[in-house]
Amino acid sequence: MSEMKIGVIGTGAIGQTHIERINTKLQGARVIACADPNADFCKSIAEKFSLKAYDDPKDMINADDIEAVVVTAADNFHEEYVLAAIEAGKYVFCEKPLAPESNACRKIVDAEIAGGKQLVQVGFMRRYDPGYRQLKELIDSGDYGAPLMLHCAHRNPEVSGFTTEMSVENSLIHEIDVLRWLLGENYETAEVVFPRTTRNAEGELRDPQIMYLTTESGIRIDVESFVNCKYGYDIKCEVVCEEGTLTLPEPANVMKRVDAARVTPICRDWSERFVDAYNIEFQEWINACKEGRVDGPTAWDGYVGQVTAAAASKARDAQSVMTIEFDEKPAFYN
Amino acid sequence: MSEMKIGVIGTGAIGQTHIERINTKLQGARVIACADPNADFCKSIAEKFSLKAYDDPKDMINADDIEAVVVTAADNFHEEYVLAAIEAGKYVFCEKPLAPESNACRKIVDAEIAGGKQLVQVGFMRRYDPGYRQLKELIDSGDYGAPLMLHCAHRNPEVSGFTTEMSVENSLIHEIDVLRWLLGENYETAEVVFPRTTRNAEGELRDPQIMYLTTESGIRIDVESFVNCKYGYDIKCEVVCEEGTLTLPEPANVMKRVDAARVTPICRDWSERFVDAYNIEFQEWINACKEGRVDGPTAWDGYVGQVTAAAASKARDAQSVMTIEFDEKPAFYN
Amino acid sequence: MSEMKIGVIGTGAIGQTHIERINTKLQGARVIACADPNADFCKSIAEKFSLKAYDDPKDMINADDIEAVVVTAADNFHEEYVLAAIEAGKYVFCEKPLAPESNACRKIVDAEIAGGKQLVQVGFMRRYDPGYRQLKELIDSGDYGAPLMLHCAHRNPEVSGFTTEMSVENSLIHEIDVLRWLLGENYETAEVVFPRTTRNAEGELRDPQIMYLTTESGIRIDVESFVNCKYGYDIKCEVVCEEGTLTLPEPANVMKRVDAARVTPICRDWSERFVDAYNIEFQEWINACKEGRVDGPTAWDGYVGQVTAAAASKARDAQSVMTIEFDEKPAFYN
Amino acid sequence: MSEMKIGVIGTGAIGQTHIERINTKLQGARVIACADPNADFCKSIAEKFSLKAYDDPKDMINADDIEAVVVTAADNFHEEYVLAAIEAGKYVFCEKPLAPESNACRKIVDAEIAGGKQLVQVGFMRRYDPGYRQLKELIDSGDYGAPLMLHCAHRNPEVSGFTTEMSVENSLIHEIDVLRWLLGENYETAEVVFPRTTRNAEGELRDPQIMYLTTESGIRIDVESFVNCKYGYDIKCEVVCEEGTLTLPEPANVMKRVDAARVTPICRDWSERFVDAYNIEFQEWINACKEGRVDGPTAWDGYVGQVTAAAASKARDAQSVMTIEFDEKPAFYN
């Protein structure tokens, strides 16, 4: 079967990573073009990877030889390009968030439904991490009873230029998606509290934060966001079920016995921690598109994620519990 | 140095354990008498351990040859016997709670102060667990910065005759004491929430529960209480500090490779999990009494524990955050 | 760059796995033909994967459109097909062993040298396992001093139709290659001893066995081979260095707390344990061939492996230590 | 029951540790006297612990108020004092080795048998370590089938003034005893090999060494002795059985997440690693003596240990396998 031809919008670090991934590691597709508002930079990247450069992403979206689009542009432009791809009837993989505002996400959902075909996938790569997949399989087996509580943490060694708002919007959005997928049910309430702030937080930043979520069946989730934890990039998830608990595995690293200790390395950044997840995510996306379907996180998932994040942000600003109100799920996504 | 002579009030399971512990495992003291409202049963236990039996605990407290008293009677009787011991000028080790009501605890505190000498120790044995002691030493070293969050769990395999109230009062009271000791600061607020209830909870019992505590410096604590977790007796405590996290160790057990898994046993009950803590607690109590002092959890700690538990109970009933109000700490306890 | 066209010799289980791997998971190559002495079976596999079927593997090797060959035929046929590929000037990936007899391996080495170009790679996939690669990187860093001892185990849950000879030749051959690669030096002596035999060994089989190897610099290696260990497929490697030890990581699996134990799954077979290693091995082989070189285990490595295995087999039969004699390494392989 | 009165021979570091242990931590006994060839030093220790000092250990052994003796004198004097204790009909706890020469051990055995009562216990404290006890219980359960192989290591961070001979005689003697106890059967052969020597070994010292032992039923044991491993004091024992393996637990220490790693401390010396074992060993010895029996390692165990160590030493010097010849076990010890 011939390779699916892809155009990438946004040629920054993430965009380049995806170009390299698709063109040197994965199978069945090829990035043949790229587009970026910064025309000169776009040209340099196009040369580096032997791609065709477009000044206007929409021209690329509408080009005859482009079958699918990857959107890694700045968040504010996601809506415009995803809608253009839908209009052109092309598959579109959009990095999270689908759009910063939930009503923009809703607009995308409506456009996709109007077009009559699922074309949009959102880049929630955690669902492809082998550890989370094991967790989901074990939960779904029913062998441990219903999940009752989730205790999670999302820690970065350090960040700069980070604001209090970004903990929910940039970090915890990953947990918002992956935990809902893991549990197979929607959230009902959100709350965000501020523990004592670390001396390592810059300026006005409140770090760490803890987000509490509850689900329709009453499952209670706590997720710590700690973006200046100093020690490493660390993702924890413990699922407490009625007859046992399940813990997300640590990455497999060599254990050293040295300096009066057993020492096992922890990752320093997300790209190292989730490299397998990214590869699997894109390979499965390519495979599904070539079979004429989307089987990853949908536009609806993108909408639900942003509604939840918005409620959590409101809860954080108000320092009180917020009820989360979703539109009814369209039958289109069942 | 001669052995300290001890009388034990309450000859139930716990009382017998302590008699056996002091008389066959520890050094420097001897239980020579016991007292219990159930006179016949008391006599049978006295015979078993070759002790003198008293019908009235107060007679035993006031007996000339008794130097120290251990109170393991029903909670409601703690106040009466502890006050009697203070009046008799004798050391008294009282199982938690010091008294169910915080004003009863305060009365004991006042009596002890009036007596002019510290005589009371409360049975919060977690402070003697080698793992918690390691945690405290590491926190106090300052090498990891200030603690910001504590994530804890207190799980029992199953219970019967347990009520929703007992999660705070019987289970979480241990964390209330040990975490305050670990951090060296008082609590400010308490909250108790109800996750989805396990199908394994009897009757009206809400199980699991999560208690949230905040401290004076803003440290935020979550403690899961899950008394029907089914899988084992399990105590978890992770201290998230500014430059690293510290995790309470698992008990040292043989790891088996069997049946396609690495399998390491978990305890089934608290007496197994904390056997070392109990031994160390009583040995250190005996040693301190013989040197004329009390160096374990004081009557004031007992008071603070009950005030905190009362606030958490109120918070649970009201399903809202409660501020915790303590009396000012008397200089007597500094 | 166009896809490298591959023909696979041997359409049994392993052959099919490689066809599927190359054609659905990896990039840059495509299996377009297969050959097997069992012509009917070969045809059915060819149909299944839409390949061209050849009755005679040599016809396929010499076909104009075939650029590289994968040999998964029965061990005895390896020599013939690898030599044919060398003669045809085509890259050839040969499953281990390169050939059962070391003089056959030597013949391949000589043919390759005579041809003037490295074309042969041997399927020692352990070198591609991420855990072993971490070990090698840490050893090579020199941070832990020189390796002094290696303690290893290679365990299978159970086997049937296995003979005492096969422990060295089929199982331990993997350690023979990967440990030499890890240490970067040759072996000097081999010994094989028989511990107490498990009641689960069939017939005359001696199981477990332990192979001892020493290297040029005096490093001492013990490798347990236990093919009926019952509990799972388990690979262990501890490298004891002058200033620390390094342990091969366990696969990353969910830890469950259930039934009074912490339980982490162990694989049941090698294909699950080394699936990543196989994928990386073939992708790197494809990439290297397309760049005109071989950078995996060479024909010389295949020769050295068989010489070592032969010495170990002799040592086992004689129940004494054998010195291992290698030809001098041809400059061609430096 | 009154306290058993003990005299300690040898007032060096170990002797003092035992005096302090018995007099401040354990129950049912009291050290009341000490003896040491260095009379002045002996007096100073006697004063420190309020003991009676004896110039001649035999006077102390024969003193009316001494009921039991602990021998921690230099190895060469063990025989003389143990025999004197047997003659005096007093319980004697002798630190390992019972005597450096196996025929001296045999002499003690014969004297004890002639005396008609078991009085001697040898200080092999590993049998009292809770981890080894768990191992023994699991092996004896039969749930995992027969043991087939043991893989062990005994590592010290560093030593000075150590000779090649001492690895067997001072370090591995502990494994010689505890593994035989664990398995419940005698050894048949011993061998000691020299891996590459660490650059951290002083002078002519060969370090590390590996001892191989086989047992009557064919179980094969490897024990690494590495006295300059640099990283810590570390004891490993893996028992490979027919249907599973069992691993000696690591000490329970806080795990830290810090500096991009999970870090769990390892002990730095044996006294820290085996402090519980020593306490249990002496408490059980006291309890047994007071009940009129010896239930720890016997004089016969001391004899068997030295015979095995002598064979291992001979095997090391000859660099070949030695068969171990024991006298027949006297019925007295069944």
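Order as written gives the chain letters A, B, C and D; numbering starts at 1 within each chain.
Everything that follows uses one rule, which is that a contact is a pair of C-beta atoms (placed from the backbone, for glycine too) under 8 Å apart; a residue touches a chain by one contact, two chains touch by 3 or more.
Bear in mind that the values here come from a model prediction, so they are computed numbers and not experimental data.
Using the mean of the Cα atoms as each chain's centre, the chain most removed from chain A is D. Each of C-D and B-C has its own count of C-beta contacts, and the greater count is at C-D.
For this pair, chain C with chain D, the centres built from the Cα atoms lie 45 Å apart. Chain B and chain D have Cα centroids lying 38 Å from one another.
Here the spacing of chain B and chain C, counted between their Cα centres, is 58 Å. The residues of chain A that reach two or more other chains are 231, 243-245, 250, 257-259, 264, listed in rising order. The touching residues of chain C, when paired with chain D in their complex, are 145-149, 151, 153, 193-200, 208, 210, 214, 217-220, 222, 224, 226, 229-231, 240, 242-245.
The residues of chain D lying in touch with chain A in their complex are 157, 231-232, 234, 250, 257-268.
Of all the residues in chain A, the ones that touch chain C in their complex are 24-27, 130-131, 134-135, 138, 144, 243-259, 264, 283.
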